[in-house]
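Labels run A, B, C and D following the written order; every chain starts at residue 1.
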Amino acid sequence: MKLTESAQGVYSIAVTPFLPDGRLDIASVDRMTDFYVGAGATGLTILGIMGEAPKLSEEESLAVTKAVVNRTKVPVIVGVSSPGFAAMRSLAVGAMERGAAGVMIAPTPNLRTDDQIVNYYAQAIEAIGTDIPFVIQDYPLTLSVVMTPKVIRQIVVNHPSCVMLKHEDWPGLEKITTMRGFEKDGSMKKISILTGNGGLFLDFEMDRGVDGAMTGYAFPEMLADVVRLSKAGERDKAHDIFDAHLPLVRYEQQQGVGLAVRKYVLQKRGAIASDAQRKPGSSLSKTAKDEIDYLLARLARHDPRARV
Amino acid sequence: MKLTESAQGVYSIAVTPFLPDGRLDIASVDRMTDFYVGAGATGLTILGIMGEAPKLSEEESLAVTKAVVNRTKVPVIVGVSSPGFAAMRSLAVGAMERGAAGVMIAPTPNLRTDDQIVNYYAQAIEAIGTDIPFVIQDYPLTLSVVMTPKVIRQIVVNHPSCVMLKHEDWPGLEKITTMRGFEKDGSMKKISILTGNGGLFLDFEMDRGVDGAMTGYAFPEMLADVVRLSKAGERDKAHDIFDAHLPLVRYEQQQGVGLAVRKYVLQKRGAIASDAQRKPGSSLSKTAKDEIDYLLARLARHDPRARV
Amino acid sequence: MKLTESAQGVYSIAVTPFLPDGRLDIASVDRMTDFYVGAGATGLTILGIMGEAPKLSEEESLAVTKAVVNRTKVPVIVGVSSPGFAAMRSLAVGAMERGAAGVMIAPTPNLRTDDQIVNYYAQAIEAIGTDIPFVIQDYPLTLSVVMTPKVIRQIVVNHPSCVMLKHEDWPGLEKITTMRGFEKDGSMKKISILTGNGGLFLDFEMDRGVDGAMTGYAFPEMLADVVRLSKAGERDKAHDIFDAHLPLVRYEQQQGVGLAVRKYVLQKRGAIASDAQRKPGSSLSKTAKDEIDYLLARLARHDPRARV
Amino acid sequence: MKLTESAQGVYSIAVTPFLPDGRLDIASVDRMTDFYVGAGATGLTILGIMGEAPKLSEEESLAVTKAVVNRTKVPVIVGVSSPGFAAMRSLAVGAMERGAAGVMIAPTPNLRTDDQIVNYYAQAIEAIGTDIPFVIQDYPLTLSVVMTPKVIRQIVVNHPSCVMLKHEDWPGLEKITTMRGFEKDGSMKKISILTGNGGLFLDFEMDRGVDGAMTGYAFPEMLADVVRLSKAGERDKAHDIFDAHLPLVRYEQQQGVGLAVRKYVLQKRGAIASDAQRKPGSSLSKTAKDEIDYLLARLARHDPRARV
């Protein structure tokens, strides 16, 4: 089943499970996949930045893809961003052969002008082929590439296989409104827009018209609740559950240690056997773990699912 | 009264009030100063990034300094960061002559290596003189200069007139612990550490041992509450009031539009006559204003001071 | 006399003369101005990056402007780039009042997208007014802003007061051809294009159709020779004199120490009394000075003007 | 034969030959290898930035390595820089198994502080093992990582398997002097220092004490001459041959199109069958090719080897 413009809900950015010695923990993949889908994920995105993708060999990347795809029926998007198009093509084709629904492509950090960005995607699609559905990853904070709404529209117009925008600009609320305006004025086809940034603005992003979230917050249940309640017009309730989780969302959304926080909570919740990262990884001090435990305890007063 | 290492509490980053036509609104300065101090500020920092400092002529900068200093007895820190040392010296000396308590200096964005940063501060202090108390502004997200704890320590050791760190690294909790460790192991004198980032981590920053906040969140009352409660050992209560404000703190903490949000709320609260920014400035859409109003209404359920 | 689109020849980027103690050496300004004009400069550009502009107060900047303008009849362009528009406007207006022919504006380093750059120039021209002829400085290597030919064209189209491009992209030969193509296809008016980069590509830049050089190489005579010979169709002779100077041009064109090399040679040539830079400045080791002396001695075999 | 600290002479940065359709041109590898060694190369560096390494799959990279190593007896260094350590380890081990003499490692572009850089090399060496001789690539202009001499020394001190510095800082003459000073004062063991930057400063770099060049200028003969003459104390002769080539060296040393220039000349000289680059590649306009032909014709008057 290929990814389409109608994708919506919560696409969890999956971590990659490792054993404490750094080897892939393929045994945890099933458990983790079940966890995300059980918590409300309508899709999965694997091998993204939070999936520690650059630390995996291509063989390992394909093994993870195969394991995830075999375990679930929800669409699986595979991150294929790479400094070179040979590696991008190889991974994209290999992932689709193993049953992935589509791929996600981030621009390389050196791109500056509008034309450079548009050309980069043209080259990437020439490399992977026009039949693989792809997602534009727009994440200036980490990638240091700034794409205007017009540039994104140009990429969508140029490439029919572009079906989704992972929106992770910051701030980005007006950008969502502008992109949806392009659809309304007919200058761009409707695409799926899912938002990242750890969910930090999901409450208002839904109000602005996105189709859901694509992020790895360790309680996908909350993301799913906010998407569901927002679509049902239950704005206050959506904000209530969002606000209850915000202290932890905020804590998780720290450049550099965010993944360690996320894996720590996922391990506590039983989603993965170990919170180990493959080297070089970040780790949490005793004090940081205490802070997270404190946040979880406070959260549990509002959301019983946080009792871990 | 000069700034010292014992500074604590809440140093509000003051906005600069403008009239809708772009002229300085000196008449609003008294009102604004009274507002901040009345809301619990124990000090003020003016002409920082959020003070639109680069848009002011030196004459205007000194006029604002004079007006603020004349209105209040709390210490006033003046931002003097500049691409050139002639302008930095001129503003620093002029500000101190008008009664400022100290100055704040950010590194220029091109600095890369540890030695370059240490040398930059040596040149800056040679320019302004060794008798003006100064604050190191450590704000990698915006300034793109990364200072390790060791580098900050070296600057403190080299310059007795360094009395404060404005800590705005991200993430930064472990950095606070490391800096306080330098004081404990005797390798660095005690300095005042106040934290920025819009207050987004103030709850845990207090737990980590900082002396307070230096940020411009439009409800300084909350910052003061958190500082006070934390120091009194009332951790849960500190988090309660913090969490109630977090949705708005988060909304205000958006690169690019954060100042527009802040001025909008300050105008609503009567602290300034107009939320105008001098050109080039950002502005808020109708939708964004509605979002803020919605956040304020929700906040008012927990904190009556938010009824504006 | 205001700067126009027909400007051509050699606009020397003038250094700013300082005394060894860091004070402005206004007494050297006349001598230096005479030197540049005597060496073939058809215009002067002052207070650029190589003029140590950020180290000067506005008062000093205007004093230098006045002294240079009073000494010579050739057009004088004043660099007014600034992080803030208040300072830019003040200096631009002040410089024009003192007889400058136009101003040069570089984009601020944080600009990324095409629209941001076009908007920045719109804001700058709104600040300084539409009656001051201005030069676009396109210098990605140092400013880290990349302007495509289309972006430059848009700025020219938007602002009739734009009369010149200081072309300092790298590599930039095809860019020159593209810009000249815009003039030929009628999509942009004819502007003056002068090239920088220390003259490192002037030989071929002339072949590509530029109007001359705007750079501070310490032998303006060579630049003037190459411009003259190229325009006269004496390509081989132009390259001969260029190649003779290339080892020194190359040595001078070093980021960070280039100004020290240039001032050292200018002092040797008697153009300025001291090669001092205002702090913070770079300096030359004994070995570096010996290397320059060696290059000058070798150059003197081909060009007797290098006997200094 | 493993790479050691006594390496010297000219290590040519080899291009990777492609067919016009983008496939590897393995058939050209023998011819190209013979060309470099015949022109005076004492070693070869393959799969660097100019070898279009990120465009190759690992399988292709190892195929090129095997072909080059099998063809020549001079030491072959393989570039293994990668965003991830899994890929770096895999390529490094694979290359050494095929007979490479050592590997070259560049820092990833996001590194900022001294400690981050030192730690990065510690992690890299942990990944590839301590028995593979490695080269530090110090190339701030392209990699945007600035390493001070002290940082380089720390890496050398930490890792006995570090045997060489590819010095490509800019400007870098004083850095060479500083590094050689560390050897003299006993704070760092003697390492081999070879210089890059297309040879643009090789004349003076030899004077400053480097062991030779590691760059891909299309006339390795000139590089070998300069190294040989400098070591023989024939300074004037070294500069004479250098100066004759400088116009072309300068033309080749253009970011972005430099590789196209280099491959064009190498094809003309018969070193490779086609100047094709794998996509995405740069290309030369007709005007640019004419400019190179003109430079070659002028060069041929001084150096008959340039008659191509």
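The rule is short, and it goes like this: a residue touches a chain if its C-beta (ideal position, glycine included) is under 8 Å from a C-beta of that chain, and two chains touch if they have at least 3 such contacts.
Because the structure is a prediction, the values reported are computed rather than measured.
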Are the two sides of the chain A and chain C contact the same residues or different ones, given that same means over half of the numbers occur on both copies? same
A CA-based fit of chain C to chain D gives a rotation angle in degrees, as a multiple of 5, equal to 180
So the centre of each chain is just the mean of its C-alpha atoms; given that, what is the distance between chain A and chain B in Å? 33
Inter-centroid spacing, chain C versus chain A (mean Cα positions, whole Å): 48
Could you please state the distance in Å, as a whole number, between where the Cα atoms of chain A are centred and where those of chain D are centred? 39
Two or more partner chains touched - positions in chain A: none
In graph terms, with chains as vertices and touches as edges, which category applies: line, ring, star, complete, or other? complete
Could you pull out which chain A residues touch chain C in their complex? 112-116, 146-148, 150-151
Could you list, by residue number, the parts of chain D that touch chain A in their complex? 53-58, 60, 82-87, 90, 109, 119-120, 123, 126-127, 278-280
Could you please specify the touching residues of chain A with respect to chain B in the complex? 170-171, 173-174, 177, 200-201, 203-204, 207-208, 239, 242-243, 246-247, 250-251, 254-257, 285, 287-288, 291, 298
